[in-house]
Amino acid sequence: MDILLLILIIPFVCGVVMFVMPLHFKLLQSFHILLSLIVSSLLLSAVSKVVHGAELSAFDNFIFLDSLGAIFLSLIAITGLLVNIYATTYMKWELEDGHVSLKEVKNYFALSFIFTWTMSLSVVCNNIAFMWAAIEATTLASVFLVSIKKDQKSTESGYKYIVLCSIGLAFALYATILLYSAANGKIDGDAMLYTNLIANAGNLDSMALKLVFIFALIGFGTKAGLAPTHTWLPDVHAEGPAPTSALLSGVLLKCAMLGLIRYYAIVANGVGFDFVQSVMIISGTLTLFISSFFLIRQHNVKRMFAYHSIAHMGVIAFGLGVGGAIGLFAALFHCAAHSFTKALAFCSTGNIAKIYGTKDMTKMGGMIHIAPLTAVLFGIAICSLVGVPGFAIFVSEFLIFKAAAIDGSYLLMGIFAVALAIIFIADFSHFFLATFGKVEGKVEYNGEMKFSENIPLIALAILIVAFGIWQFDSFTVLLDESVKTIMKK
Amino acid sequence: MVFGLRKYKLSIYAYALQTLLLVIVFLLLHFKYGAHELLLWAFTAFLMKVVFVPLFLLKLVNKLSIINEDEPVGGFFISPVIALSFSLAVSMMFYKVFVHFSIFKDALPLFAASFIFMIGIFGFILRNSFLKQILAYCLFENGIHLSLALMAYNSHELVEIGILTDAIFAVVIMSILAKRFYASYDSLDTSKAVNLRG
Amino acid sequence: MSFFYLLLQLIAAILVAPLFDGMARKLRAKFQSRIGPSIFQTYRDLLKLIKRGRTKSHSASFIYQIAPYLMFATTAAMFCALPITYGSDAVFAQFSDIFVLIYLGALYRFMFIIAGFDTANPFAGVGSSREATIGFYSEAVSIICLIVVMLGAGSSNLPHIASIVSLSEGNYGYLVPSYAIASTAFLWVMYVETGRKPYDLAEAEQELQEGVLGEYCGKDLAIIDVALMLKQFSMLGFFLMLFEPWSFENPLLSLLLFLAEIGVLYVLAVFIDNFGPRFTMNKGMKRTMLFPLSIACIALMLYIIGV
Amino acid sequence: MQTIYTLFFLTSLLSILLYKKPLLAQKVGFSLASVISLYAAIFFFSSLNETLIWKLPGNFISMPIFRLDSLGMLFSFLISLIAFAVSLFSFDYVKFYEKKANLAVFASLFNAFILSMLLVVASDGVFSFMLLWELMTLISALLILINDGKGASKNVMIYLGIAQIGAFCLMVALIIMASFAGSFEFSKFDELNIGFGMSLTLFILLLIGFGSKAGMFPFHVWLPLAYCQSPSNASALMSGVMIKVALFAFIKFSLLLPQFVQFGYILLLFGALSCVFGVLYAAISNDYKASIAYSSCENVGIIFLGLGGAFYGLGAHIPSIALLGFIAALFHILNHAVFKSLLFMLSGNIYTATLTRDMDALGGLHKKMPITSIIFFVAALAICALPPLNGFASEWITYKTMLLGGMEQGVMARFLFVIAIIALGVGGALAVMAFAKVYGAVFLGLPRDAKSFEGAKEVSSVMLLPLCLLASFCVGLGVFMSDVINILSKIVLTFIPVVGFNQNELISMPTVVLVMLLCAIVPFVLLYLLKSNNTITRITDPWACGFIYNKNMQIGSNSFTGDIRKALSFILRYESEMKMDGYFSKVVYTKKVHDFFWDKLYEPVIRLIMLIAEKIGIFQNGRTNFYAGYILVYLCLVLIFASYYL
């Protein structure tokens, strides 16, 4: 059977299976890990096919998997798997502390599969309208992952999440419709199919394309958390349970970004790169600075990381804006790097929250003495986030600098450097606040987590460092291929 | 009208009415241009939007047993005016563009589409009540739906289905959230929900 | 041979220095309408001191003990750095360098200060603090003047400068305005460095610069006294070497001449002592600093613009 | 070469693996470190005139290559030499931190730090260089944090912040250079065809980047903060070697640019400023470690003066000046590495003995720790550049360079070189003041605070051995300066146009020593001739003008600098408060020195940013309606922008 259909069906089935599971935690846990293993292996096998040069497609090109999609699919696979494994641990703690009931845990697990399903759907869709539908579906699927508790804050976050995302995405749908109607009749074949659109983007009306791109920027930008339409993001990431935040910021934002990138590709091939680049530059710079200033004043560790997600979305946008083969390469690489890093970051906040019982970093301190391993993981996450060399994110930032230099746009380099410097300083001061010195507040759980509980985090950390210093050929192949597809001309 | 009305039930009825209009527009288009997909669309839309959603919302209203809406931004009389004027302006701006690309070249429905859409957006911006915002969501869903029908009727069926399902699920989830919201804030006034800031 | 002359130069200085000091004291006494001691009084003082044993405060450490000898060594070395009896061809030419001289002075100051610390004597402490401050002040001016000379002569090597400046060649000298102006400023510096009023008066007030010596007595004090005189000599000699480098072919003659010159300067300084006003430390510094500093700067500017 | 790197790596790994047994890890880590670095020192010195290349196997990003030319060899030698002494010293010293941190981590970080510095010197690619550079910064920051005192994180933050700004500057610079060269390997950077404006910009970026790390004015603010916090062996390595690595990189990269005389001018200016201000703060500071730290700023200034001369020479095509300047800079780098690490280790001795850094609480330590005191005496003489020690040698060469430059024709050149000489002179005088004060206040006189004095005792011989070694270096490098200069000139001539070099222009240090010894004999001879055979020694109280002597009468480091602080009050900011209760009770006088430039340069920027950060919170006010509004408004704005853009 076709692998594409498999990867569309299996996660859904898993979700259903989880729904009908008996309420027994050990069983749920083991099944959750097992099923997510299966799903991820499926996704990865699909990706590996693409790496070896295959262009998968099904339903007469209704869904397809190109190298661009493969990158994001692999993210869903790897990050999703590790986070899901961590989720079982996290939920165990939540149960022990009595924050959630077993039933909610079960639903959580089930929904996480549905969520994975919608995300992979959004990645493999070739039909842009259906891609939109899938992305909207990711929102719907993840609402109850976020507001798992029934208290005021989590309800509020869920409310803001769904409302703002739907508004934003409505614009994206308009973009879709416009694009379709602009393309309809002008190009041979179904004007809804991304492949057709990009194949002959040249003979589309440039005015229309520009309008489309702006709508798409607003729409998918809202979902991807580009300022100033990022406003839902910090609340949601801060309120949801750690694994959810990890999934959202690690994978979901990237999927939204993928949507934007697809439009970027179409429009760029239609009207030339200057327009899209300048728009993305503006959006990226705005995002970078707004988020960096917000970062300074954050003392809630999860909010801090949430603003980081925004900042790094800004970095990706900036990379797209700088453009050129290297710039696009950097942007795509950054998607992967940020996905791993942010997953690690949010998972470590799970540990931290368990240790201190609070998310306020001014009430922490001395973590290095309480739980050295967690502190180190937290440190790795921070280092990578602020772009310390040797960690994954630095690579893409370096490449963005390189692209700007080759492009001769030194002003951009300056802006980028300033923003990064602010972020760096803001972050490290918070990090030291939490990690060293004396314990300011009270310590709920004095000691290191069990090693088995830390395994997914360690794996993520290893990934981050590996991507920071080592060159993975297959991954590079994917990136190069997708850059080629984007810059067709 | 959906926007302006103060009583939930009335506005829901108004919504149903409006959607009915939408369906009728579909049918008209169908007869006018012989676009047979629209028949299907009209049918589904009727089922989903004219029957299911209003009933669902009514159920919600009854469950929560609230009649009147909370004070919106700028009072009951100002906000509709603002909304109307702005959305007129914006839709004036847009619909020409739409006309330029649309498949069916008749301006009025297009204008209506973008107008409804804008009203919906402003519903979000100006109304504080959660239920009103749900209705606003349905509104701009309608708007999009209309313009979709006008501009891209001949696309894949799955698209229609997907979008419609999304809309329905969104409404359902929103109303569940609304229930929770009511439980935790014992009102539907979303302007109370400002715990998360900074 | 040149080594012998060097030794001779040193010994001669040591022998003659007390005589001039005596003269100065006599003269000062006359100004203050006293009879004053005989001009050989200083010899007697030294001899008496040498016969005495040493006293040390219980705070004192090895620094206290070695300080006199180190100070003597430093000042003597400074004096040896003056190319009186040898020219630019001798072995010591490579040693007699302006910076060597300055930094030997710094070494002397260093020892002076820590000796003051070591005695744990309050006045000694204050004295050393002032020594340091004076050093800071005078260093600036002296370095500026020296820059003018060194850059003008194109070397920091004393014999070389001397040979250039001395009239035999004559292409550099008082004809150059910057040089002339620098010389006047430098004279002031040398006067300060010789440790005179208003900066210091060795005989009387304890709390002033040589309060450092408050704890010393006996042979240590004698050694230090000689060292001080040597320092004053070498400072004045420094001035002479740079600005009045008269010399003969015969080292002995030039040595005699040099001693005579120094004597004159040394004694003349007494006039300034007695007719100049006295200030507190900072005032004195500030006031009397500004003039020489500005003069030196003028010289420097002149050099820079190439006059 | 690669064997050394691998060995360091393995040691670091080993000691972190011994996490559970800290004491064992500490023994293993530091002893291995000392052995390896000794071997490394010998190796690098023996292959001083060769060029070694090592390509890292494996599929790392941008294929890192490590290349050591003779300049790199010199610095590697320097690093491993100092590392040898410091690690030997640390072997016992770190026991002091047993309570505060896990010694295994300490040892591992220590080794990693040495390794990172060696690799930075060797690395030959933009990416790998940046990576290792930041690694070095980060590890040093962690080393500072080992001493997890109060305010540690703030100080480290300032250090990291400045370092990071610098790092971004030089990353931008390097990438631009690379884009001009068309390759990311430094060895392919030759013949960059860049215009004057661009290369000046690049040069300034490099200067900021490396100067901030080297503690050049006005980036010196982090020096005292970081060094006072860190354990003394760490600060010895940082100040002794890390700064030098920055300078090495600066030399290496700015030589790749096309040369202009303006480079020289800039360096001279900043060198002079660092020289004066650094030592000024060193003189008035009350904390011996801070004094030592600030004097790093001064010495970096001196080095930059040498470099300024050198770059002027290159820019004006006068190889003789360039040669002399580079020799001066390298020589002073060598010397500064020796005596500064020595001084920091000594300060470690003092701190472990007395647990205070306040000089007004110390005194009379000589009686308790004589050897430390004597070594400190030597080191202080060296850092004050007093003959015949090494500091004087290198400063003399620097003076020589300045003189050569000052004899140039251009007014600008003359002016700057003259300024440089004045700065050197004044700096010298102040350095004497500063270190005479430190030595006197810490080791001499009577103990001012009995409590800290009682606990003091001489440190173990294992710690004293490396100190003696370095002290002997201080003397040796001074006395045999001509030989050192020969070696250096050989190295310098590998990267500048060849020019003759006349040894006879130098002063001959042996003569200086000889004369001083001779003169030292004279007084004894005199005493013998005049038959002073009275050897009675009376022990008394110090004379106190008739009052009963009290140890609080003696001068403290605070009052010592009173005059100069008054005189220079326009540039020195300090709050002083006098507490006096009752006539007979002790007057408590406390002084807090501000860094003038921190207040004037850094504070405003920080305040501005914090202000923006405070105000921007309004944007995220929690009202969903507003958020929805943003979306619409943003849409309109982008549309408008686009319509104008089209």
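Letters A, B, C and D mark the chains as written, and numbering starts fresh at 1 in each.
By definition in this document, contacts are C-beta pairs under 8 Å (C-beta built on N, C-alpha and C of every residue); 3 or more make two chains touch, one makes a residue touch a chain.
Everything numeric here is computed off the predicted structure, so don't read it as measured data.
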Study note, to complete from the structure: Counting C-beta pairs in contact for B-D and for A-D, the higher total belongs to A-D
Review point. With chain centres defined as C-alpha means, what is the inter-centre distance between chain B and chain D in Å?
Key: 69
Check your understanding: Taking each chain's centre as the mean of its CA atoms, how far is chain A from chain D in angstrom?
Key -> 44
**Study point:** Whole-Å gap separating chain A and chain B, where each centre is the average of the chain's CA atoms
**Key:** 30
Review point. Using CA atom averages as chain centres, what separation in Å is found between chain B and chain C?
Key: 99
Revision key, fill the gap. Note: chain A residues in touch with at least two other chains are 159-160, 163, 167, 211, 234, 294, 297
**Study point:** Numbers and ranges of chain D residues touching at least 2 other chains
**Key:** 617, 620, 624, 628
Practice item. Give me the residues of chain C that touch two or more other chains. Key: none
Check your understanding: Pairs of chains that touch, anyone?
Key -> A-B, A-D, B-D, C-D
Study note, to complete from the structure: Within the complex, chain D is touched by chain A residues 159-160, 163-164, 167-168, 171, 210-211, 214-215, 217-218, 222, 228-229, 231-232, 234, 275, 278-279, 282, 290, 293-294, 296-297, 383, 388-390, 394-395, 398, 401-402, 405-406, 410, 413-414, 417, 420-422, 424-425, 428-429, 432-433, 436-437, 468-471, 473
Check your understanding: Contact residues on chain D for chain B in the complex?
Key -> 617, 620-625, 628-629, 632
Review point. What part of chain C is in contact with chain D in the complex they form?
Key: 6-7, 10, 14, 47, 50-59, 61-63, 68-70, 72-74, 76-77, 80-81, 91-92, 94-95, 97, 99-100, 102-104, 106-107, 109-110, 113-114, 116-126, 128-130, 132-133, 135-136, 139-140, 142-144, 147, 150-151, 154-156, 206, 214-215, 218-219, 223, 226, 281-282, 285-286, 300, 303-306
Check your understanding: Quick one: in the complex, what on chain B touches chain A?
Key -> 97-98, 100-103, 117, 120-121, 124, 130, 133, 137, 140-141, 144, 147-148, 151-152, 154-156, 158-159, 162-163, 165-166, 169-170, 173-174, 177, 180-181, 183-185, 190, 193, 195-196, 198
Review point. What does chain B use to touch chain D in their complex?
Key: 73, 121, 124-126, 128, 190-191, 193-198
